[in-house]
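Structures follow.
Two complexes follow with chain A in common, the first pairing it with chain B and the second with chain C.
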Partner chain A sequence: MRPGYSPFPLLLPPSTSFSPLRTPRIARPQQLLFSYPKKRHRAPPGDSPTRRRRRRRRLAKMAEQLYTVASDSETTGEDKSQPSFPDVAIGIDIGTSKCSVAVWNGHQVELLKNTRNQKGMRSYVMFKDDTLSAGVTGGAAKENAHEERDILSGSAIFNMKRLIGRMDTDEVVQASKTLPFLVQTLGIGVRPFIAALVNNMWRSTTPEEVLAIFLLELKALVEMHLKHPVRNAVLTIPVAFSRFQQTRIERACAMAGLHVLRLMPEPTAVALLYAQQQQQLVNDNMGSGIEKIALIFNMGAGYCDAAVAATAGGVSQIRALSGCTAGGEDILQNIMRHVVPNFDNLYAGQTMDRIQSMSLLRMATQDAIHKLVNQETVEINIDLGNGHKVSKVLDHSEFEQVNRAIFDKCEKIINQCLVDAKLVPEDINDVILVGGCSKIPRIRSLVLGLCKKEISYKNIDALEAAVSGAALEGAIASGVNDPSGSLDLLTIQATPMNLGIRANGDSFAAIIPRNTTVPARRDMLFTTTHDNQTEALIAVYEGEGERAEDNHLLGYFKITGIPAAPKGTVEISVCMDIDATNVLRVFAGVVKPQGPATPPFIEVRMPTLDDGHGWCGQALAKMYGKTLDLAVLPKKLQP
Partner chain B sequence: MPHLAATPPTSSAAAAVPTAHPTAAGRVAFRRPWDTPRLRVRARGVRREDGGGVRTEDQEQERTSSRTFYDLLGISAEGSPDEVRAAYRRLALKYHPDVSPPGAAAENTRRFIEVQEAYETLSDPSRRASYDRALARGVCLLAFSGRRSQSHRAYHHHHHHQEQEEKFGWRRSWEDQIAELKRRSTTKDSEENLSWGARMRRRAEASSAEQL
Partner chain C sequence: AVRLAPDLPGTPQIVAAYDVHAAAARSTRNWYAVLDLKPGRSLTHDDIKKQYRRLCLLVHPDKNPSAAADGAFKLIQAAWDALLAKHPPLGTAAAPAPAANQPAPPPPAAQRQ
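Right, the complex of A and B next:
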């Protein structure tokens, strides 16, 4: 069997052996399948593997020709520059539940539709026999009605945005164990094992791989639409994504042959769209041109974000960002547990009948939550099999009570955003509500109430805003110049999380605090904690926790050759630099005493860690204890 | 942990950083060749009517003389909060790396960080009040920030920062030289005025750009 036609073209080990450069070639059969959605599903009876392979090869050849015509000159669409095409970066919003893609078409942002006329495509990848198909083309089923059931059959992997770049001790990963596919954890801070059900067998994959397959289909859709290859993309990400998770998204993109021009926190993409609209009003002499403050609240299936942006003259300044991992998936799980109180016992361990029963429960609950947006009460009636029937009437107050913890989280991030932006609710001009969950009445009233507003901003589509903003940024970052000035926009971004190192025992010393405008460069002085300490460990963390261990470990390195001196007398400078492209570098070295005996500074690009970052932190602590510790040098008084 | 002990720290640092040159200018050119078209277009655009990326003489003076945050933002000491914000936006459109021409990105990033610091101090009433008090005492001009930042050379007036200053001095002067070379290479078209090294760099840049 030729390597290119292996049943799982993208099922390569997630380790370092994977070269992004090789990806497009390996992946091409997937891309080609896209052109023939009807022929892919089931082999005719009596089909031998050889015949199937031959047919696929023929299909590939046909599609290759088709593709050649479509792209006008390129036969491969890979590894070469395409000077004849304006390489405008596309905007992609990969949602936990749905995904969309948009491009700047020369005049405005245009959202692309798939063959089923959908702008929002379900985010999943279906593993069936020897084919893979993603939700872009609706691979699970030809009819929408069957799609959801197939997604929940255990053969599809979804919610990859919740799983990507997380270790198995993460509560989000733990909560994902109730999904129909396999999520196995060891609880020691390594990658979770995930697998899809293929012919009654669990077949392993990784979130990056699933995302890559999805992005590949998405890329094919865009290329079919634009009739030329695309390479660059701007993706939106949740505010709560760690830098490590960002590298995983970049890796998935590389596997799909996409180059990440920028990763934009979702609410900042919405802020960009808002800035453009405000600028348009000024150009039309309808706006005042004075600074407007917008609070953007975004809640989807997996994440919840808030941002405060100050906008004037096309400049959107992000004053504060905050986010958490609360979303529609949590609401759904809460309601499922509420409806079936012995949920965890009933669905412990994934057997075929349990997967089927849970998928019924999941669909019925999801449907009820959607109905509850417009209804006072909703009735849930399901036969879960094995004589287990559920009949329940759910109203708003019960719904709100069950999900109180989630609404509290939403409240917390909005309040934190306002405090960090040093604003009071009265300062806010517009409240922008986006994301699927922003339709929930309680969410709307909660956000508007906290901002002391009666109504939310009208001119932004809740489901299309993030992707539109990403496409705008894609056009801007690709150097597109619009004569009407509608791309004369600038977003001044901020860091969503504290960046710092472990110091004073297990404390976290933030060197770049959250909501610092980027690019940024900050430094801090540290000192030794033992007499004649010649080495120090710099463990770089990101997060909101007070203890270092409560944060994400990004990487570590040692400073060696510290001149022998009593503790507390040596001065070690640790400088953190986030450059224009959001790359974090850490510089560290001895600044006192000076002389030829001091070692050179060390510059490290972060994150350096690949896998098992949680496990790593514990190993470091176990191995070295306090011998390499540093302490924050108290600031000397200003003269 | 043998791997840590066995690996000299310098080599691990070098491996983590793709460019051996620690200059910010080199880094930008290395990492984001795809950013160049945008910058070029932007430099031509409406935004850049103030003279593009070419540093004018008064900007050169700005860098060397001691000045206040008010001078930096180009407003009077009585400037209202709205004026502070408007000045910040104006300067952000001038110096933010996203709108900078390629040759000036590194220098502009540094200037943007200075502008940001000025804005953060002057837009916060209590910080502005203490800054004004410090100004009145004539203590430090740009130096007042309440935080150490070694990226801004003018900020260091305290003796205990001086060693640190020296430590980074070589890098900064090097970065300045590189930035200056880059600036020249973008403003002068003829290769005759350039050194051999600059010509080689340009050719290498051009050929690597072609390969992309």
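Right, the complex of A and C next:
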């Protein structure tokens, strides 16, 4: 198809865009225990001293390389001394509950297993006296049942993905207060305080830090497997993640010494895998090669997303995306509240006995939900301590009743996806259900019912699809070329949310509407709202709300030196640009009147805000009122 | 360059990206030229779609390492949006074109060079 094409990164490595500025230099936490040096030391019987010495030297060299990557990010991909391995990005799926990692091994995507032979590793970090251990290796626990009890003891932090980049006024953070570790909120719009129980003391940490520790262990696992350092990664994220949350994920990766090549919404990673499978069918002369439209529904423990993708010739174009924060965790909490009606009173404060009793309830409820997938009814019998016993039989109709709000949310995002893609259910060729919660019978029947389908697409593993897609994207974005053509693929991404600025008072003017193909560049003209207005405030928001305040503030800047003129005559252009790596830049400046008296344009990379998003908008309003406002220039006045 | 060094990797991609820019620069509103198509009666929705996909695979920044790829992809996108409105898929010819009330922006990259 493309003659004479060979992996280009040798000449122009994609990693040249990798700026050391974005990656803080952070040394590896010393307390982390890596299992592989120990393993390599174990000499096989009958080993000669010379060979052992040689191996030790090789090991030392390897450790050196590892060190270079972890702490000195200025070494770029051009290091010609190690050309033996191409720098292929790995794919990571960080789930609310489980994580997995996959790599392109030159022929296909390979999912990696940890030392306990698990592909899906529980996402948590255990805090002990002076050691930290993440779910990758399983920490101290040897058995799964024991592990679960340890996780819920208060010493482990989990559900990082639901907490990262959220303010303490966020309802998801509020709901996380029932978790066994400490989530303290003050309700003023700053990051929550989270802490793990160590020696009967709450020790503080942050979601980014916890995620970084986890990623570091994950990275060590991959490096042990590939026997060379790993630098780049493609991560999957929920559709509902704001751009600010994305920067938090990037920061956690940087702390772990990983450079984020792409952040892919989870359903789009699945779409890429689907595109590859369709392409293979065409190559085997079994598929027709005409365009196929797939609806992908992904529901995990923390988030729920839907996407519509049109696939033909290995190109998968994302037509629509939508997502919300509803997942297995919400189902679990609903059931816990249903089983123990005075749940909130009972577990108001986090004392040792309450944490223990709640962890028992959590485990029993989780177990019951899992059983209910295959059974008609399930019995919950637990002794919560203090003479409090719970005994309840739960059936499907009751389960659906309790979680109706969640199923409604799922229905809403699927319908929105279909409307946005301008499709009717009959247009859909395949329905792909992925994620842990896609096993729930009600979810399956709901999605299939909305798409008027009898069965879902079968060739995709519900738990491994996202990570496999991420690894594929990693190989493609790293410039790997496969002679058999199985990498002649492309995902054309779309924006999941409207991007725009505040204008016409408190309204939100969307400059790049949602589901716009990325890379994208759109501009819009604005004008002044006061006579002789010389300054204007550009407040950039992301979201679906009609009013600017309902959306997420990404950043703001001021245009100064606007020539004095009657209101409504000056033309100010605001242009938004998203490049292939999903970086958002905003350009703004005066376009009319032209001349040497106008100030130069301003280019700002978003998001600029680090914290206190709610506050900033209020503070700006208080400080300046309407003096710096802009209005959308009506279309009929535009040339 | 194609003639001189046929083995140089990525040449078709780079040439394709610059072709797109050149076509856009010649005439601002001729979206047919951007997609390297000839306007005419016989041109169908599927033809455009096929050509659009072919060019996407060539110039999408994931596939094309040249600096021109980003701008070229945006131009192709604009052309696709504009032509989609003119050539609706068969069977939905009566449907109002959604892109009509949102004229595709003029080629931005061409102005900046």
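Methods note: the second predicted complex is superposed on the first by the 554 of 639 C-alpha atoms of A that agree within 3 Å, B and C clash if a C-alpha of one lies under 4 Å from a C-alpha of the other, contacts with A are read in each partner's own complex, and residues count from 1 in each chain.
Please note the rule applied: a contact is a pair of C-beta atoms (placed from the backbone, for glycine too) under 8 Å apart; a residue touches a chain by one contact, two chains touch by 3 or more.
Values in this document were obtained by computation on a predicted structure and should not be read as measured data.
**Q** Name the contact category of A:583: first (chain B only), second (chain C only), both, or neither.
**A** First partner only, chain B.
**Q** Under the stated touch criterion, which partner chain does A:453 make contact with: chain B (first), chain C (second), both, or neither?
**A** Touch status of A:453: no partner.
**Q** Of the partners chain B and chain C, which touch A:116 in the superposed model: first, second, both, neither?
**A** Touch status of A:116: no partner.
**Q** Output check: A:492 vs chain B and chain C. Expected answer is one of first, second, both, neither. What do you get?
**A** In the superposition, A:492 touches chain B and chain C alike.
**Q** Name the contact category of A:521: first (chain B only), second (chain C only), both, or neither.
**A** It touches chain B and chain C both.
**Q** Quick one: is A:392 in contact with chain B, with chain C, with both, or with neither? Answer first, second, both or neither.
**A** A:392 sits against neither chain B nor chain C.
**Q** From the superposed pair, tell me which chain A residues show up as contacts to chain B and also as contacts to chain C.
**A** Shared contact residues on chain A (touching chain B in one complex, chain C in the other): 291, 312-313, 315, 422, 476-477, 479, 488, 490-492, 517, 519-523, 575, 579-580.
**Q** Within the complex, which stretch of chain B touches chain A?
**A** 1, 4, 9-10, 12-13, 16-18, 22, 24, 27-28, 31-32, 34-42, 44-47, 82, 85-86, 89, 92-93, 96-99, 105, 109, 112-113, 116, 120, 124, 139, 146-151, 158, 160, 163-164, 166-167, 212
**Q** Mind listing the chain C positions that touch chain A in their complex?
**A** Against chain A, chain C makes touches at 6-13, 49, 53, 56-58, 60-63, 65, 69-70, 73-74, 77, 98, 105, 108.
**Q** Any idea which chain A residues touch chain B in the complex?
**A** Residues 81, 87, 232, 259, 261, 290-291, 310, 312-313, 315, 317, 422, 476-481, 485, 488, 490-492, 517, 519-525, 557-560, 571, 573, 575, 577, 579-581, 583, 585, 589, 591-592, 594, 599-605, 608, 619-620, 623-624, 636, 638-639.
**Q** For a test of understanding, state which residues of chain A touch chain C in their complex under the given definition.
**A** Contacts found on chain A: 2-9, 11-12, 14, 291, 312-315, 422, 476-477, 479, 488, 490-492, 517, 519-523, 575, 579-580.
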